[in-house]
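Each chain carries a letter (A, B, C and D) given by its place in the written order, and its residues are counted from 1.
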């Protein structure tokens, strides 16, 4: 099945591993991601706080491209892109706002935009827990994972559509379907401080440390992220956080797509694991071949949604 | 000597236009509908000239469905609010009116109304003013119809009673013959061609019309017969069972003249209070309901008796003529096809068998 | 009373004493500034607000009417506002049929504590009325004459009832006659081309009974007059629905009425038949074909095919057979297809508000207030105590103006809400052919849309929609307003 | 008629934006108005005297007062005109304060509007008729719904006043929420010790009939003569025989039954007596957990019961009581705080409600009065109390203050220190609201004597730290910085809401309730005990948040209302009832079908069916009047003609 796909700029740089693993896992699931042509930045720079209309114009252009393609749904892996695209679609419902944005565009934006959804939501909509289980080739039963959505994915609730903004559960659902032990991770939607990584390094370190410490204390084998910025922050800045917290962390921070890929038996290279700063080798050691290819159905077998 | 004029069909609009310079013209107008009707309306140039028998008689011209007799206003003396002044304003309206193309039965209706309103002990000023300003141009009938029976009750397809001008259709046009002074005056200034040459054709047409009518039963004894049946409740009940007690028969009757008086509005209001006179309907229970709530005619049979007796017994007793001119609208307009002719004939027969 | 020129419009509010009047007080206590146009009439409960008050105000010159009561479930009288909601919602749908913009009427719920909400309601409603401007009147609307089209093809083959088992029916009636005060049917009227009601008391009377397309009159109208007596009645399908409605309203007892039914093959539109017959002295005879009748007048033959001359209602009829009967004969006709939008209603639907006001002004001008429409209506059970000609209550004057006449039609239509079976007798009875049936059809459609496709006169045990309520109405979304 | 119009200045309240003299002058031109004046304060004694004088001097037979809302002073002025010899219904009011002067500043528009409102009132008054009340007998008996402290107080006061009482309690014992409390503020005396004797009094008072495990099924009738059908739920134990010995629960094998009385802090047996001081002290079987019901076999309790009181076949039964008034005292419940996901949404065992904490504190509770963590039974060292959980929070649609949480939180913090002297307590608060007698002193003691740390600010999240404790993250808004506390236990001061079945009961009683389910009093300030249904009174938290002293006071107040009602042998009805014009009535029964009160019946007049209004039952809503097509039923004082007169005055 084809899905229109908006990778976002991180996918081409800092989160190339996210992109790689997303493509790989989606391929396994039978989701063919078709990148929309000529997309641009979603405006998720500090610009969107400075000039809403300019930022919306950037998003509108992307949404317009998707609309011209005639797609119904657009997938994106990045919560920040998702947030910007959805906010724009919402704001463009206001005719005055739309008129101002249209002035910034070469051509007025399409009257109706396609719906935008995250890759995570897209996967859950594409196949239910049993469907995911049927692809499992490696047993993740020894892994204890701390799902971490980051602060953006579920907020604001009415825009992002992730259920309770304090307690989203979709990622848990996917990870559990892959056979891993999933922690009820209390800080799953807490801020990691990434956006202040440059001006307020201490604060960022403190916030990250809080998450890393809890995951460590809860004996997690890895934190599972869904946001390029969070992943980079928690992984790359782990020494800074450790210094701030006066602790030693060795917590691999993987994308949920990487975990899924591992469960599906994909190779670490395919999933871009080599890009991790905190190595996932300990984690890989805990993987075992799946006991049998045809797994017993996941309880209920219902959709994750 | 009456004036006799001739008008072609094409000449009628000009004739009416000329009349309308000084008068309001009431002429038949067609109201298309699932059930088409013909209503007298203020004529103005451009309106088609319709010569059909109207669904509603032109009674409204002298006895409006509802007229404001007068308005009354009260005002308080600013120095003493308990001192209230009452001011009456008479609203008797009478503008010159010409009824065009009513039927002889309709015109005879005015004669029926004239008696109580003008010839009784008190002349009604409102009626009188309107009547004095009214000129009636009647088109004679070329035939009878299934519901009308003018020749039973003293009329006929070219009966002149109540008309100022009789108009008869002949080949190529209409002969207009004045029957009254007013009619004569009107025709003389109407700008129409002389019609004496073709008058004979008109007379012939009228005769043909008379001849086409089915023979009329003798109903001369109706007043006595109906009076004799007054207490025969069964007779009246049998003839009223189907009656719905609506006002279609009376409101569409050219001779029914009963009215109701009501006051509306407030004397202290800017518009003042209005004293209204409106048609009343003796077939309704309300007609005789007294303020106490008592009603001498609760049964519709008694009300039917009243209507028939009034038209064929008591009015004739008082005025020497039926107050029915056989237009048949009470039959054609009745939702359940009650037939006043049958009631009268049956009454005569029943009285005979009783006697 | 004149409004302040160029500044205020006339807005009338009906507020329940317990919630909304209190809410308006609360707004006052909070000094919540509001436009000055509104004049409040205090009523005990929104359930006290007869929709006719609203029509009366709008026809008398009000530019807007606002009704406000307690929130659903909060009624001081527990359920008054539930009834009000249904009735006012029906009115809201109905007003446009008259040509009145229903944005001029609103009903809402404001509690005694919601001063702020009251301020918002008044401000928004007043703004809305000012946007609409002064209400246009009826008396000076430009004239507009329009007529309804003929209905499309009938849902069943129409015929003349020639082969109906009339003789067997007469036999059956004669058998029952000894136990009955009379049996109501049809007989020949003043000529062969017209029928009139028959009240058969003796067996020989029964022989006068006729059956066929001339039997247009709905005889159910006579039943309440025989209250307490045992009577029989011969019905067409449509008539039987009126009987059912009378049973539902306790105006006739089931054990008192014996219903004789034949399947109806359609009735003629006598208005058009008479128009075609024109003036004639005598009927020379009438011949029934299978699908047409031929009437000979003064030696001339006139052919009337049922396909062309049946009443509109017969074409859209889905109940040619009685819905309730004691003696039923004849074969059941096959009805195919859905009932179309009735023609008089389609005519209204096709007009905009201005046109409708013009239309009604043009139509109502010729009304003589003879009340044949009312008295021919089997559901007009008030009879001699209709509020249209009473002084206490004093709803109407005797004045002959268009608004008075139209107000009566509104009274009739609103009183028929959920009760009208669409028999069309009102319109058939009108001697001047005013297409008033459209108003009844409009309200019947509204009732159907709002209340689960309810149709009057189907089930004697049904609760008529306006005499009931649901705490949560499925199809009324009055709370979406602000 | 001779009508007098009085246009009140209300000091400057009206006269500030309305030219009252001009309104009076305009009014003089209205029909039948023979006198008009514009007094300064119409409702004051001189103002009322002036009305009386004018009635005499100008021979007035009708009076219009244009002033404040009739909801404020209609009754006042009705009495005024009555004193001067007029019938009280020959009076109308025009509301030119709340509806005119207070909501608009333009004098010209206001003056015009006031004059029009007076005109409407005059138009209505000209159609008014004198109305006279009817008298009827009273059943001198009170029914009280709810056996919490408010209901208990009302019951005892009524019974002491000589009025028989029927007390209906949903649970198997009376005592309500107060019975679950350990100590009460501000005196820290034992709740059971002060409530217990009152409960015993209820049981022993000959004038009180107690139905526990019972609910109101149906209510009909009207003030003075209610008929109430009560459903007695099946307890599966014949209470006539049960001696409350407790042998059954000792032997009951189904020991994992949730303990409702202990707020689910522990478990109990399927057959049990909720607590030792229960009144009535009778056992009840929880059929959801009883093996006899779930598995179809057991019968242990039937075997051990020395009185032979067990009856597994018992069904719900009904009893109908005739009473003259009803007091609703149905209390409250805690809102469902688990919607707060940031506090774990109920997933963390050591995050508990304050009421659960009361049970932990209570010597008769599941822990025998030892404060221990539900998760591991250890004594907590650090306890965080979070206030306003579900109170004053618009984000979840609960803007109201629950009233007593500040005080009990202080109490619980103090008791914590008493129980665990080494412990540390923190209280996160928004504002401290302690406006009762000795209340603020009490909360200060918590801070000053017991060292409870009060932090002004909200808690943003509570989460387990993975090491067995909880991280409480919040803000100290006084210091302006984030706070993080490692706690062993978190106690939430959960906001209150009306009892679950309150709306259903309100509909049966025909009283109003707000959107949170609290019953509506007749007037927020002046009639806090009455409801809009005559003869139904309110006591306790069912009307709105209040603490024990206020609940007790309102219980007594409701009893006083009942006693005052019964001080008369006969009652008068409100004559604003519907009247049937039998001549117009066709007996179709549409009014009978609609009447919300069953106040219209069918009668026969000369063999014809007609409607008939039972005037004592009719409440005057007028639904029948707008239902009757022929206008045969007219609501007195709001007849069609009266309302039409008002419409006509406005629209012509």
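One rule holds for everything that comes next: a contact is a pair of C-beta atoms (placed from the backbone, for glycine too) under 8 Å apart; a residue touches a chain by one contact, two chains touch by 3 or more.
Keep in mind it's a predicted model, so treat the numbers as computed, not measured.
Under the touch definition stated at the top, subunit A and subunit D share no contacting partner at all.
Counting C-beta pairs in contact across B-D and across C-D gives the higher total for C-D.
Most remote from subunit B, judged by the distance between CA-atom centroids, is A.
Each chain gets a centre from the mean of its Cα atoms; for subunit A and subunit B, those two points are 91 Å apart.
Subunit A and subunit C, compared by their mean Cα positions, are separated by 63 Å. Distance between chain centres (mean CA atoms), subunit B to subunit D: 71 Å.
One simple way to say how far apart two chains are is to compare their mean CA positions; for subunit C and subunit D this gives 45 Å.
In subunit C, 383 are the positions where the chain touches two or more neighbouring chains simultaneously. Among the residues of subunit D, those touching two or more other chains are numbered 583, 652. Of all the residues in subunit D, the ones that touch subunit A in their complex are 341-342, 344-345, 347, 461, 463-467, 471.
Contacts from subunit C toward subunit B in the complex involve residues 2, 145, 147-148, 189-191, 193-197, 199, 217, 221-222, 269-272, 274-275, 277, 279-283, 297, 312, 366, 368-372, 374-376, 383-384, 389, 391, 397-400, 425, 427-435. Interface of subunit A with subunit D (complex): residues 164-167, 184, 186-187, 190, 214-219. Every residue of subunit D that touches subunit B in the complex is listed here, in rising order: 28-31, 33-35, 583, 652.
Subunit C contributes residues 1, 4, 7-8, 10, 12, 17-19, 21-22, 24-25, 27-29, 31-36, 39-45, 47-51, 53, 56-57, 60-62, 70, 73-80, 83, 87, 111, 113, 119, 224, 227-228, 249-251, 381-383, 385-387, 390, 392-395, 415, 463, 467 to its touches with subunit D in the complex.
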